[in-house]
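What follows is a set of structures for review.
Next, two complexes with subunit A in common: one pairs it with subunit B, the other with subunit C.
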Partner chain A sequence: MSEPLVYTFAVDGDNFTSAGEASVKMKKNLRMLAISPDIIRRVAIAMYEGEINMVIHAGGGVATVSVYADKIEIVLKDNGPGIADVELAMREGFSTAPETIRNLGFGAGMGLPNMKKNTDSMSIESALGVGTTISMTVNL
Partner chain B sequence: MKILEISKLLNAEICCGEDRVESEVCSACGSDMMSDVLAFVKDQAVLLTGLVNSQVIRTAEMMDMRCVVFVRNKKPSEEMLEIAKDSGIVVLTSPMRMYEACGTLYSNGLGIKGENESHE
Partner chain C sequence: MTPYQHSVSLNSEKCRGCTHCLKHCPTEAIRVRKGHAVIDAARCVDCGQCIRYCPHQAKKAAYDKLSDLPKDKWKIALPAPSLFGQFDNLDDIDYVLQGLLDCGFDDVYEVARAAELVSDYTRRYMKEKSPVLPVISSACPVVERLIMLRYPALVEHLLPILPPIEVAASEARREALAKNPKLKSEDICVVFISPCPAKVSYVKNRTLENKSGVDFVISISDMYFELLGVMKKTDDSGSISKTGRIGLSWASSGGEATAIFNEKYLAADGIENVVHVLEEVDNGAFPELEFIELDACSGGCVGGVMNVLNPFIAKARLRSLRRYLPVSQNWGDLSETKVPDEVLVHNDYHYESVSSFGSDREESMRMMSRMEEIFKGLPGIDCGSCGAPTCRAFAADIVRGNASIDGCPMLWHKDKEENKEET
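Let's look at the complex of A and B:
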């Protein structure tokens, strides 16, 4: 099998305004690869939700997207505080985002469930005080 | 419905994307919660909102939307307009309130279902 195309993005955790830049760039990259619009949108939404989460909760991180012949893999890694209860965090409507973030239109507790909904597989590895790594796959 | 017609119905000012106002759109949605737009919206080409920050434009870009309408005379920043121009999104600002703006478009034939989505 041929080597995947790998794209790596640093996500700035100090700037809410720039949150989403990596997802926008990745969307453009996927368009150039002639991936179908429906797949591109699913990848973009999942990555954008993850990027917003990294900025809100973890002070930023690194997003790596690997494009294989049969799938797209998105890995979001941060060194934030970690998720205390992953099962609870996956529940629609559960959120620990502060009021300031809700006023910006986010923090409805839909991010992680929406990432799962838009991908074919998703796994969360998280350790308190160490960080969180979310791996998602969208089949082509 | 053409975006130009939307701007006329909403008595809106075109902030950017003048070259795209002849584009046809089939559906719209209204929300101030971008989390909900990302989670629940499907195939809607126009977003009406009273929330003004860069993430509104980015959310629209992620959802492949073509037009963002700010209601209640909210004005987007230059930075937001730059992001919109990069993404090819038309930005309008209307003096109408959300309820009135949505109602006006709906009653003039702009529905809630996208072109790829059938009525259930």
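Let's look at the complex of A and C:
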């Protein structure tokens, strides 16, 4: 099948309590597609971390998930402040999350590394003051 | 594999085909077909929500009746701790236990006692076996089944220790045989007095090799009315109860978790909250937690649909009942630090997706895109009139060949309106 199944989710930056919902919805969809639970879990985790990041740092954004016959592609696009040093941001434990967010148990600096760990490929395009686009794929 | 047996039955005369149960089913297992609710057995987790929300009492829990119990056997009652929370002005559990004996039981064994044993074994397990954290309680059969059906990655987190009901059954048998040397094991009949239908299913579905030690399951509400007739406030009963605070606390949410004596726990109750927690844990959230207690019913076991009282009142009553009790009165073998083999559960677990369109991915992707196409044309108000809980579920039913687009009354209505405008 050549045409992918495409799902788009608007991630609301003003509502921290709803962060993570797109990942739950996507999981529900993937369960209908004879995809192994391990892969579903990896996609859900990568997406969840990305969603949380977009809400904490970028005031929300858009998550697009495309399911192909051989892979799942997740694109997270925001118009936030951008990442100053991508290499630094990828380091485990590096975090710029504000204290209030850390108090909630987020912002431990594990988001991006966790996204990388759970996907087969990941690329970050970021420009200061313009925004960030993260593309990830998980092979089926 | 034999199909899973459930414990919810439908009185089709009372069922009006309304949408209450449909809307409250956490696994979308119910459809209304030809005016009556039908449960998909593969998806049902026996949570009892449909029984709780049916305004016509058409959904009923299936359990044994007191009159089903064999007359000629040595009958041991296994009261769930939530039973004690049902009574007004009760200040001593012994009145209830004596009442059970007066109702015709030959012996009683409180499940709360077995719960204290399970708490002890769980503490040992956490210390000794360095388990995959967080450990998730397996005492609520609804939660266990939900995890097996929907969260295969969490199966290895399930506490592999038999639940109190099963430990109680074997302890009760063992005690009875020791006390009455003439008694033979086959003369004994173990009767669990249950707060919920999920426990009935648990007993029914234990496999042949792992047969349940419980022979009959009756409801707390049936037993309650029976007990009211015989319970008297006399002091001649002596002290029968051998349970402590921990055992009684198992009846409500948090009781099992606090008995682990480990601060890093979470206790959630109510099926919706349980699903939320499982989703997050499945995503790897809360890495700091070591134990998770999940109860499908709001309030914990006191919230089961086979109880009589409001769960929060029952909880308050249990709190006053346990007031002067010692912390615990039951422990495993003190000379041992290990979890005994006979209470460990060995599961052969095979995951089978219940949501998937099929086993072939390409085919299911084609079905999924058809479903999305159909869904776009639906009103999206999730009214339930078609018999499916949501428009998405309806679209999926159509693709699976279980429903037809004509089933949507909103579309008919729209057609009619449009025709009117044209003429």
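The rule we apply is simple: the second predicted complex is superposed on the first by the 139 of 140 C-alpha atoms of A that agree within 3 Å, B and C clash if a C-alpha of one lies under 4 Å from a C-alpha of the other, contacts with A are read in each partner's own complex, and residues count from 1 in each chain.
The rule is simple: a contact is a pair of C-beta atoms (placed from the backbone, for glycine too) under 8 Å apart; a residue touches a chain by one contact, two chains touch by 3 or more.
Owing to the predicted nature of the structure, the values given are computational and were not obtained by experimental measurement.
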Room on subunit A for both subunit B and subunit C (clash or fit): clash
Subunit B versus subunit C as contact partner of A:Leu104, first or second or both or neither: first
Which superposed partner A:Asn114 touches (first subunit B, second subunit C, both, neither): both
Which of subunit B and subunit C A:Phe16 touches, first, second, both or neither: first
Touched partner set for A:Ala34, first subunit B, second subunit C, both or neither: second
First (subunit B), second (subunit C), both or neither touched by A:Tyr48: both
Touched partner set for A:Val24, first subunit B, second subunit C, both or neither: both
Partner chain(s) touched by A:Val130 [first = subunit B, second = subunit C, both, neither]: neither
First, second, both or neither for A:Ala84, with subunit B first and subunit C second: neither
Of the stretches 59-67, 77-85, 95-103 or 131-139 belonging to subunit C, the one that collides with subunit B: 131-139
Those residues of subunit A which subunit B touches in one complex and subunit C touches in the other: 20, 23-24, 27, 37, 41, 44-45, 48, 105, 114
Contacting residues of subunit C [partner subunit A, same complex]: 150, 152-153, 279-280, 282-286, 288, 351, 353, 355-362, 364-366, 368-369, 371-372, 396
Residue ranges of subunit A touching subunit C (in the complex, touch as defined): 1, 3, 5, 20, 23-24, 27-29, 31-35, 37-38, 41, 44-45, 48, 67, 69, 105, 114, 140
Interface residues, subunit B side, partner subunit A - complex: 32-36, 38-39, 51, 53-56, 58-59, 61-64, 79, 86-87
Of all residues in subunit A, those that touch subunit B in their complex: 16-20, 23-24, 27, 37, 41, 44-45, 48-49, 52, 104-111, 113-114, 117
